[in-house]
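These are the structures, in structure tokens.
What follows is a pair of complexes built around chain A, which joins chain B in one and chain C in the other.
Our next item is the complex of A and B:
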């Protein structure tokens, strides 16, 4: 089997030779998205970019539920990374999340709302300043970003806003935390419903030292279910604090042991 | 210029008149009893949505049709096919459940009684127009002219006599909230609807696994000689019951185990399928859909434990 990485490794060189400076030696997008160059300029800046299949992007080939498309990104094979961006080129709001793992594992999973068939990508910024990008297409009938959250059909949704559930799972020495927060995560794109979403999630250790932080954006699904991992060597309680764009703060303590 | 316009018009006329040809065939599986087999695939442009088994029984009082198929043109062609088998009129169309591949042909039977369980009738009557948009997107032109036509009548569990055939209707649930199975006591043929699948991965958009397994147990107790599954080949019992039950039981265990390990849905989709099920038609894609349908309940129950 020819891996995408092998193709890219060769492809990048061939493309640079053939196109010379006109293409700025930029590697060809393996997903052939019309929006790739825009995404790169918008989200990744001017730094070097390589397509790199060492990053795992797990997601369905087709969205069965446009409001809840699961994905998991694992950049562990790159070693330590500064940031992981996850974005969908053709969504009306492309950027889904921006994760600074810090001392957490470079792994993040949640769900997003999809508006139409789109590439879903993860870009991991390594310690030398190179973006490593991987992804896949997700087919969809669409409409996920402009549909009102289900919460608006419930009379008491404000009473339950910010309720959390969490559990720790042992994953070969690392502790995987799965945490859900009740929140409508309104995109602002559904008629008459302003944007209302969690925009920051911070993970701190028992001493209040920041372990890692996550910026979340409008496309993250309603009642976000977040999955992240704490490496061996960090113990005690951790505290997860989420803040939405209206200034509400939701806090949850999770015992690692 | 006028000549060119006329030429274009000439080219367009035959194209417009060309309906999607489903090439339907009726297979006689018992006296007076026919199955129109569909492909074991997902909706696509090549199959026009014909992924479903429909059937009909020719009684002395007219023809009883089981499910009308995935589109208006399918329904029309099914009716033509029935006309090649018998001169008797269609007397009754029974819709097994409210999934679009089973009832979107209703428009071709607007002049006869179309009946279903009340839950099925209500679900079709309340179906959002976006449902049709989704199928147009997958199937394309074969859907031309198809509209949502709800059943006009309601049937309930119990005996139903039509001409010289005595039927037993069963009101079940589990595949959807309302699933009809039809046993023809005269021939011993059981039209199981989508409570039974054979060699084609079961679909689960509205599934309740416990209820579905209970429904299969009720079908097992019937004196059926031959089972027509909603999808897959006709076979004597209990083959389709066993295979469907085994798959559902595995699903329940595998999804619970994945949730207990803390796996995200995106990881579960890639899970290795057991050999018994990996060979079923559309196994991988259907399993991914099932994870979207059923896994959230499993993972939420694990999270709320603590």
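Our next item is the complex of A and C:
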């Protein structure tokens, strides 16, 4: 964390100076990544961008397991946001997830596959259309994106495909949901194995009203473990529906109380 | 890097703009009317068979007997990676986009002018798929804004035509029991209709109708008597009468895979589906005719009810699937009257003409040089068997280790004609049959059913009948049963046929050539070496005033897996996996 803050220090300063006015010009990347300008152009469009330390990006400084690097992004300090993108600049497929919180808290956690040492960033789009970006470097031995999923060492990886587990934790009235879905999340970069991954997760309330939705991409780790928060005031069961790029649909009801 | 970046961005845009994976709405929807008019609309190929009746005839005549020598390749498209073998697909052409399927349940959308890939769908297959006869696929179907195909793990997948994203995916059976889909689906009245494979594993063949929009089951029709169909997911009527032609509970594992799909005749409003051999191969274990195995069925697409049936090989003992395509055509009788007829060239070596309204037998004529198992057909359409050519009953002994007496008989189990579709020419009124001359040693042995295990009870080895050729392309007159001409090919023919208004017959060879023949004389007029065996069906269309031809190349299929002594004829063929597109350039 200390390293992350040190790295972000410059960016936070810029963000503070920028408060109250949108940046059209490119701010300097506090992570000094060679790919930042590409990432901005490809993922964030032409809108204003600020580096903003109010977004929490929690991840290990070094990946112990290149196939499973945990991270948590919390943009709650910004108030409501339209979208949160999480991406790793130097991964062969940079974009990890694209979260539209809707009525859910602007908080998301999961794990990703890392191919080499890379900045890991979260970009939150506020209601005025400004991207707030924070992040850190994650060091890694690498190879996580081109290694076959562990499931392929099993005799039949389809046997338990789509099995889910869910737990609910109370956080001062908010409910934090941790949900895992058994899925190989193949990137398409391992030899002979086509891309096969969950690409959409929807969270609905007991009445079938959409609370929030998440687009997930190839770098999300095998058997995705997703964490999100339901604000106080939403009760009953919620339904989480995931769909992969082959059109398989996995559905799970979670009781909030 | 650049490629993956682009992909990620495209995905991000989609994910937010259209969580339901709808397309951009630019593609012109394909309607039922478009599909029914496919034969006349020369600018596209909307159906497997170039028309619902499956005639594989195009009225185009820019390329004719004179000009065909000027046909040149325009572009070629690789199916990539290591998955090269076994390409039996017929492409579709819709609004300047080619949709072509490949081995291992893949599909591509390609710009028809440039050969540029627009998208690829690469289905994630389980390790345990059990296709009997290679990892092939025969083609797609288009309707509305979607393109459909069946997968080796027995799913029907609907993709958005513009994006290649899955709109819906539906497992129609359990691949672990041996089911798989290799046929091209058919679109009729807003339904996707498909058959299924797995006859070698003791499955029960069915025809399935799914709602094209949602993938929900509209009806299913099992083809083995005693089994009950469904309508809207609920049990409907029984097929035939239980135990009328089967003993005990054998109908529950009776085979009859509908693995080659079917055709549709708008005039009678009937679907025509063929059914595979009965299970197991050992016919001594299942006395009776074993209906409706090795048959042609007419099915009402509205209800899924069987309207008529005709069994080409009652009580089959040679793996003579009855799946081969039934093609509707006008039969001119001697009295000058025209009958709404349909014809099929069966695995068993006979070419059948039926009244397609009633299923009434009209004629059966041999199209191969030997048909040992039956001398012919009687007036009622029943084969006159030659009992010496049925493999012996294992309980009577005659073979080693409890096996029955072995016999040598022709055609072999790969058939006088296999899956590769013949074509009918509206020019000549002839059918052009890709046939093969081979026999087999075959013997029966005891077997019991086990889920997901081969259910044969027979052993076999194929032998060519002639030194210099196995394949023969034959022009058959359906009115007389006479062969008008034939073209011999050393390797077995395994690709489909196309006829054109320009008086040409196109087909491919495992040696790698796509060839054009004079439809009246059989004279070879043009050929091109595609680099790997052609075991797929050619198409033609016109674009910007020029006529195009396309064919998929990529040696594979059942012959290299099951061909026995035929290996000597085919072992030097190299693998490929390409879509080749040709045209006759406009004179400038």
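Note that the second predicted complex is superposed on the first by the 233 of 257 C-alpha atoms of A that agree within 3 Å, B and C clash if a C-alpha of one lies under 4 Å from a C-alpha of the other, contacts with A are read in each partner's own complex, and residues count from 1 in each chain.
To be clear about the criterion, a residue touches a chain if its C-beta (ideal position, glycine included) is under 8 Å from a C-beta of that chain, and two chains touch if they have at least 3 such contacts.
This is a predicted model, so every value here is computed, not measured.
Q: After the match on chain A, would you call chain B and chain C a fit or a clash?
A: fit
Q: Could you look at A:178 and tell me whether it touches chain B, chain C, both or neither (first, second, both, neither)?
A: first
Q: Which of the two partners, first being chain B and second being chain C, lies in contact with A:72: first, second, both, or neither?
A: first
Q: May I ask you to decide whether A:246 touches chain B, chain C, both, or neither, giving the answer as first, second, both or neither?
A: In the superposition, A:246 touches chain C alone.
Q: Kindly classify A:92 by the partners it touches after superposition: chain B alone (first), chain C alone (second), both, or neither?
A: Second partner only.
Q: Going by the contact rule set out at the top, does A:169 touch chain B (first), chain C (second), both, or neither?
A: first
Q: Roughly how many degrees, to the nearest 10, is the angle at chain A when you join its Cα centre to the Cα centres of chain B and chain C?
A: An angle of 100 degrees, rounded.
Q: Regarding the shared-chain residue A:188, is it in contact with chain B (first), chain C (second), both, or neither?
A: second
Q: Considering only touches as defined above, state whether A:202 meets chain B (first), chain C (second), both or neither.
A: Second partner only.
Q: Can you report the least C-alpha distance between chain B and chain C in the superposed arrangement, rounded to whole Å?
A: After superposing on chain A, chain B and chain C come no closer than 24 Å at C-alpha.
Q: With touch defined as at the start, can you tell me which chain A residues reach chain C in the complex?
A: 38, 42-43, 83, 85, 92-95, 98, 100, 152, 155-158, 186, 188, 192-196, 199-200, 202, 213, 215, 217, 245-248
Q: Contact residues on chain C for chain A in the complex?
A: 1, 4-5, 7-9, 11-12, 15-16, 19, 21, 81-83, 106, 122-124, 126-128, 157-158, 165-169
Q: Given the complex with chain A, which residues does chain B contribute to the contact?
A: 130, 133-134, 137, 261-262, 264-267, 269-270, 285, 288-289, 291-293, 296, 299-300, 302-306
Q: In the complex formed with chain B, which residues of chain A make contact?
A: Residue positions touching the partner: 58-62, 64-65, 68, 70-72, 109, 111, 141, 143, 165-167, 169, 171, 176, 178, 180, 225, 227.
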